[in-house]
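Sharing a structure below in structure tokens format, with a few things to ask.
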Amino acid sequence: MATVPLIAEEAAPAEVKAVYDDIKSRRGVDRINNFWKALANDPANLARFWEDMQRVMGKGALDPLVKELIYVAVSITNNCEYCIHSHTAAARQRGLTDEQYREFLAVIGLAARANALVTAMKVPVDQQYLV
Amino acid sequence: MATVPLIAEEAAPAEVKAVYDDIKSRRGVDRINNFWKALANDPANLARFWEDMQRVMGKGALDPLVKELIYVAVSITNNCEYCIHSHTAAARQRGLTDEQYREFLAVIGLAARANALVTAMKVPVDQQYLV
Amino acid sequence: MATVPLIAEEAAPAEVKAVYDDIKSRRGVDRINNFWKALANDPANLARFWEDMQRVMGKGALDPLVKELIYVAVSITNNCEYCIHSHTAAARQRGLTDEQYREFLAVIGLAARANALVTAMKVPVDQQYLV
Amino acid sequence: MATVPLIAEEAAPAEVKAVYDDIKSRRGVDRINNFWKALANDPANLARFWEDMQRVMGKGALDPLVKELIYVAVSITNNCEYCIHSHTAAARQRGLTDEQYREFLAVIGLAARANALVTAMKVPVDQQYLV
Amino acid sequence: MATVPLIAEEAAPAEVKAVYDDIKSRRGVDRINNFWKALANDPANLARFWEDMQRVMGKGALDPLVKELIYVAVSITNNCEYCIHSHTAAARQRGLTDEQYREFLAVIGLAARANALVTAMKVPVDQQYLV
Amino acid sequence: MATVPLIAEEAAPAEVKAVYDDIKSRRGVDRINNFWKALANDPANLARFWEDMQRVMGKGALDPLVKELIYVAVSITNNCEYCIHSHTAAARQRGLTDEQYREFLAVIGLAARANALVTAMKVPVDQQYLV
């Protein structure tokens, strides 16, 4: 149960419907994810978030798959279950192989371990990074 | 000030010295970072961590630069100052351009925002991810 | 499934029952939430926590609704599902409107994004805040 | 040391300068905080973030002081030193009294404690919040 | 639903089967937990993690029960539901009493509260810890 | 720089002075840590927190050293620099040996790694923990 109603496509006001249609057309899908249906309680924010997502996650100097992996890495560390599921799936759609995913997980585990050890021991930042 | 002494190269026991030498030779550097000097208080763990780092962060199905970016993404979200500094620098050494870094930061910001919104509204995971 | 039994009202020892009765009477409710039933495994802690909650969350220089929003903001960032549900509901009971909740969520998203960007770039604190 | 150069006012390209001027004029200040100088490495993102901040943090159904307190609550929980300093200062500028700040801190401490206890015991969400 | 298949015992390749058998024999159990079945998608990592767990969690200068409590404390703070359940159960198997668990929870709550307050007020580290 | 003044011993009002004196006498120290000097801006909260700390951290079913280690484990995971420093020092005063600290750190690293992997793969909780 969300803390807000999920706005169904057939119940969406015109402003929301326009974003839903754009999502479906650009992504080539025929249904809207719960994330957007929750955001749609604030139509202005929905439109802005969708714009940001288009702008940020598309092809640029970094590959869209790499962007998805960075997104998932943040979501794992923030423990956002919804985001882990939806963006791991998005990464697979963008071509993530099983072997790449295994390597991704190994990096996630190593970084989490190193982060904890460094924080525990309060290792001072090396001089070279501070000048 | 760390919670443990940083083991200087000249004071390192043979077991630690061997790892230090391997780090310097494989990385082509002439000094050892504080992270390793702190870890060196537990020589067995130092050796094992260095082994893991070699195994995990090297070239595989994912590019080493991509692995560094995933590592930094975790470190940012865990707020590990040392790790952010050292692995952002490592990413630059592996060729990260300013434009790529800008895109990386935009993804970090977008994911953090989405994570917070999804968590706030307790958006239920879509059925398609659960089967 | 909790890691402790939930202490039902009819099974509660006198010390716990007294707190349960106080909760029901002060809040004008006829049932006890699971949070208190879990805490009740440590009757002394239950009593103390209930005292603290009364003392901290009541009307003072800050409005009780504002206090609930601060409480929810912490709970979202800590990703405490139970706390998000129960205190978002408490905020609504204290008068939170849909428009206020939309603005609340927008602040949550903005702060999470800014936190991530600032941490990623290790932006130094401006001198003015340090003197 | 930030991971990016801080773009000084006198070195800012026109696109950045325009945002800097708008910040100074709307806030009635004569200098630009490091946050904006770091963001300015990505002029498009700088402009968008400033727009978002105007849109989100201004007067609405919630008071700007309340919004600052929510922002600080998120920043504390994310442990963003820069954000805690700058937005606690912003809250004071918007009228936060010492007594209000004391109450704010008491709520922060209570919520963090409750979050930890609930998470530790895996307290199940009450049925009433799930329907 | 996990993001990877759980590798059942009867479907496990020899390399994985060997680890499963070792887990069952050393722990005196007759089934394998989901954690290992998920890790088993990367047989090399599975073997290494199991080795690390043996090496780290066994009897040493710290008692295995104490190690489990430290493990649970980290898992609570990271909000890892699976880990909280499995390692609270492991602590009980190692003799954790109800009274010890009550005290454990009280420490968890106190530390979380203190962490939040200290972070909120940016309390400077006392000189004595920095030399 | 803290966000509040640190209340020096000689400037403390009677209510605060009484707590300071109790801290010094019970701990056998001759100075007050910054944590208490910051908390002292809210004398009622200071008194209550000191009471809680006495009640929670003293000898009980768990040893005070074990309680300190649990406290540090939470503080590391929350990345509370002040708390890591002060409670690692407190653990040493209570007899923590170098070997115990090495084992403690190994557990911290292992738990952080396992937490990240489990969260990444969304490993479902085994049935046995849910009944």
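Note that the chains take the letters A, B, C, D, E and F in the order they are written out, and that residue 1 is the start of every chain.
In this text, a residue touches a chain if its C-beta (ideal position, glycine included) is under 8 Å from a C-beta of that chain, and two chains touch if they have at least 3 such contacts.
Since the model is a prediction, treat every value here as computed from it, not as a measurement.
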item	value
Pair in A-D, A-C or C-D that repeats B-F, with over half of contact pairs matching by residue number	A-C
Winner on C-beta contact pairs when C-F is weighed against B-C	B-C
Between chain E and chain D, distance of the C-alpha-averaged centres to the nearest whole Å	34
Rounded Å distance, chain E centre to chain F centre (Cα mean)	21
Intercentroid distance (Cα basis), chain D paired with chain B, Å	27
Where chain D touches two or more other chains, by residue	1, 3-4, 52, 74, 76-81, 84-85, 102, 105-106, 108-117, 119-122, 129-130
Residue ranges of chain D in contact with chain F within the complex	79, 84-85, 88, 98, 101-102, 105-106, 109, 116
Complex contact set, residues of chain B against chain F	1, 3-4, 41-42, 45, 74, 78-80
Chain E-touching residues of chain F, taken from the complex the two chains share	1-4, 6, 33-35, 38-39, 49, 52-53, 55-57, 60-62, 66-67, 69-71, 73-78, 80-83, 85-87, 89, 97, 99-100, 102-104, 106-108, 110-126, 128-130
Interface residues, chain D side, partner chain E - complex	72, 76-77, 79, 81, 84-85, 105, 108-117, 119-122
Parts of chain D lying in touch with chain A, wherever the complex brings them together	1, 48, 52, 129-131
